[in-house]
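Following are the structures in question.
You will see two complexes here that share chain A, one where it goes with chain B and one where it goes with chain C.
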Partner chain A sequence: MNYSYDFASIPDYMIKIMTAFPVTLEILLISLLISLLLGAAVAAGSLGRKPVIVAISRGYISFMRGIPTLVLIFLLYLGLPQILQGCGVNISSWNKMFFIIATLGLNTSANMAEMMRAAYLAVDKGQLEAAYSVGMKGTTAFRRIIYPQAFGIAIPMLGNNIINLFKETSLAFTVGVIDILGKARAITSASYGANKLETYIATGIIFWIVCVALEQGSKYLEGVYTKGRKQAAS
Partner chain B sequence: MDFAFMAEAFPQIVGAIPITLLMVFVSAAIGWVLGLLFALVRRADVQFFSQAVAVFISFMRSVPSVILLYISYYVMPAVIYFYGQNIGIEINVSGIPAVVYAIAALTLNQAAYASEVFRSAIAAVDEGQFEASYSIGMNKTQALQKVILPQAMATAMPNLGGLFIMLIKDTSLAYYVGVYEITATANLLSMPTLNFIEAYIMTTVIYEVLSFVFNQMFRAEENHLKRFRAVLAAQV
Partner chain C sequence: MEYMVQIDHIHKSFGDNHVLQGVSMNIKKGEVVVILGPSGSGKTTLLRTINFLDAADEGSITVNEARVDAQKHSKAQVLELRKKTAMVFQNYNLFANMTILQNVMEGLVTVRKFKKSDAEKMSMEILDKVGLSEKYHCYPSQLSGGQQQRAGIARALILDPDVILFDEPTSALDPELVGEVLNTIKAVAQTGITMIVVTHEIAFAKEVASRVVFMEGGVVVEEGKPGEILVNPKEPRTQQFLSRITGGINQKSA
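Presenting the complex of A and B:
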């Protein structure tokens, strides 16, 4: 067996792989937006008073937390077109990006919903009562009193969720989208697998750098946002 | 829905559960022990080692599991081969099953996450507990073993449960290094007849059941430890 590695070439591969970074960023941002909107709806549902809606929201969260992302991708990418075909709708020509963004959006929305629920419950009940006592209505009280406090509490968890979402974008290659890992795979297959090790290490380093940057960003934001505020019970 | 296919494929997919559970249990067992060691090394603040462990943990937590699996799959054979040459044995690396590489990657990933869990759990134990143990003549090891770790475990248990569920889900990625676990088996069976939706609905159900069962088990253990801590608090 021939094992010859050229670790000096890793920076070159990193530059080549980075050309696909905009695709990863696009997946990350769109699915982040979807997961936040969907997560807010699910969180509102799970905090509501209607037992049926509470049960559906809880069920959705626990379902999404139990299913591996890969299986959800396959369900949507391979399974959904078959079901819709049966209903006479053909979606096999849809952009592949749709499937990966939908998967990550759905999967992350459960984590986002849990985060929002925990942050909402962490805000002292007295705050809402105090807001009502000065004559605020429900939405105003939420927007001006509860939300700013809950947001501060949620920042560390939000940072974590975004990092996890970023890591999961690496599964985009499974539907054939050329994100950074897809690009790495394309590079290795173009050279018949000769530089597999170097390219995968290069991809790993790119993920490492971005994750550390995201982590620092989240810490910085937390510091800025909670400065001078009484830290609510975490 | 092709029910004949489902009836035929279901036992085969269920038959792949042991491989998934093998990866899960081995990775969790070794990974959590390693994680505890890492946490203690970082806590002890040993020169060089603590920093090295911190960098390693940061890398392992930042890189997606798929890439870790790929790196393990392509690095480990070379490492094992060269190690064999160094000690004078020609090791046939192609004879090593892929599941070994998958377990290696998942173990190190778990170790990194678990070390963070243990670190924060140990930090959450009151400093006075250490001082109290020393004051009655315990040394560091005894204090950790008899006083600190039992309390830290109660704090760590919910997070460890979360890690365990994450690990179950991550084993589905072992498909990409050629391990025939649940997802791979389902994919393989569905390919010839294109029964994707049936195969993946069954896979989903299996994963949901596994997650549910282990979630309940961890919750029971958590309550058990909590009660233990409540008793402690009552005695104080």
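Presenting the complex of A and C:
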């Protein structure tokens, strides 16, 4: 074993790896958007009055939370084309980004749905009655009274979900997308693995820094948003 | 129109529980009706059917010519009815995401489409009247129960309703805060607005009520002037109830 470690080169590797950051960011933002929209629909379904829709929503949440993300990627990336081929649709030319974004969007939507459901249920519903009594319609009451409070309650959980989603973007390399981790792998294979340690330390640091930033951002947002009305009414 | 509020043969069930079994009442403009009755007798449910927070199963409600039939009505009719009523809740139910001022303004701005600056001015005036001039920009959680309830009353008053419904407005309060809220309600009563008040405060009822209604088991057992019902009730059930809540003080004074 005659590797020589060169930790001083780590910042250089970080800069090189960061050239793939826009790809990671794209995956993060699009799958986040999908997960929020889908999550809202599923949360509404799970809180609704139609038993069939409640059951479907609950089942969806349970399945998506139970299945490992990697398995879901393989299902979509390897399984879906097979099924569609059987139906005469060829998706082998589809952008690889589609598969990672769809996977993360679906997977995270279940967490988002749970988050929204819990936040909605945590808002005292006497206020809804008060809103009706001053003449508001249901949608107005939701928009003006319930949603703003549920949002405040959900912020810490939302921060967690985004952090988890961000970390899971690193699964993109499994379908051959060059995200941060994909870039790191490319760098090490270009040097025949000589700088593996430094490269992956650099990658880890990048993920860690972004996660800390997200966490701080979420704390800051929560502080600003719930200012003055944090303690429960007595 | 002869009556401000007409409650006509209201029935309401929750599952097998027949809570309101044909309640009728006609209330003139400016009357203050106090409803008494044991817990579970349907007082809250009656108030809630008056503004259709709970839809009655049978009967009809008319408030200042806005009539809503339990069995056949539109959403627009319910909204119209709610515009003519306002409600003060046992647990205040203030909007926790808004300051006291915003709580009071909210109905004016989002429902009545007032200009924000006008709504703000009007809301401040009402808040001054209920003694909350110092608290415009506090959130509900920063106020005492008595202050919250006075803000709840201001939120109801600002909409200039034809009738205000009070559901046990002081029963969630610490004893030393009851007086300030009752005084506020008395002041409101003196403005001549029609009120229906569910309360167990007998002294308040004696002083303010133009009529006292005793309910039990989802029906009106007895009603009349406070001097009759509270002092000389005819029905044994009313007598029992009154002696229970006054600890028998009233019994011999009649």
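FYI, the second predicted complex is superposed on the first by the 228 of 234 C-alpha atoms of A that agree within 3 Å, B and C clash if a C-alpha of one lies under 4 Å from a C-alpha of the other, contacts with A are read in each partner's own complex, and residues count from 1 in each chain.
Keep in mind that, in the parts below, a residue touches a chain if its C-beta (ideal position, glycine included) is under 8 Å from a C-beta of that chain, and two chains touch if they have at least 3 such contacts.
As the structure is a computational prediction, the values presented were derived from the model and not from experiment.
A.B. asks: Judging by the criteria at the top, classify the pair chain B and chain C on chain A as clash or fit.
C.D. replies: Aligned through their shared chain, the two binders fit side by side on chain A.
A.B. asks: With both complexes overlaid on chain A, does A:Gly126 touch chain B (first), chain C (second), both or neither?
C.D. replies: After superposition on chain A, A:Gly126 lies in contact with chain C alone.
A.B. asks: Does chain C touch more residues of chain A than chain B does, or is it the other way round?
C.D. replies: For chain A, the partner with the higher number of touched residues is B.
A.B. asks: Touch check for A:Lys50: first (chain B), second (chain C), both, or neither?
C.D. replies: After superposition on chain A, A:Lys50 lies in contact with neither partner.
A.B. asks: Name the contact category of A:Gly152: first (chain B only), second (chain C only), both, or neither.
C.D. replies: second
A.B. asks: Just chain B (first), just chain C (second), both, or neither: which does A:Lys219 touch?
C.D. replies: neither
A.B. asks: Hey, in the superposed model, what angle do you get at chain A between chain B and chain C, Cα centres, nearest 10 degrees?
C.D. replies: Result: 100 degrees, to the nearest ten.
A.B. asks: Minimum CA distance, chain B versus chain C, superposed model, integer angstrom?
C.D. replies: Taking the overlay as described at the top, chain B lies 22 Å from chain C at its nearest C-alpha.
A.B. asks: Could you please specify the touching residues of chain C with respect to chain A in the complex?
C.D. replies: For this pair, the touching residues of chain C are 51, 53, 79, 82-83, 85-87, 89, 91-97, 99, 106-107, 110-112, 139-142, 145, 148, 152, 155-156, 159.
A.B. asks: State the interface residues of chain A toward chain B in the complex, per the touch definition above.
C.D. replies: 1, 3, 5, 62-63, 65-72, 74-75, 78-80, 82-83, 163, 167-168, 170-171, 181, 196-197, 200-201, 203-204, 207-208, 210-212
A.B. asks: Going by the contact rule at the top, pick out the chain B residues touching chain A in the complex.
C.D. replies: 58-59, 61-68, 70-71, 74-75, 77-78, 81-82, 93-94, 165, 168-173, 175, 183, 187, 190, 194, 196-197, 200-201, 203-204, 207-208, 210-212
A.B. asks: If we count contacts the way the header does, which residues on chain A are in touch with chain C in the complex?
C.D. replies: Answer in residue numbers: 124, 126-127, 129-137, 140, 144-145, 148-149, 152, 228-234.
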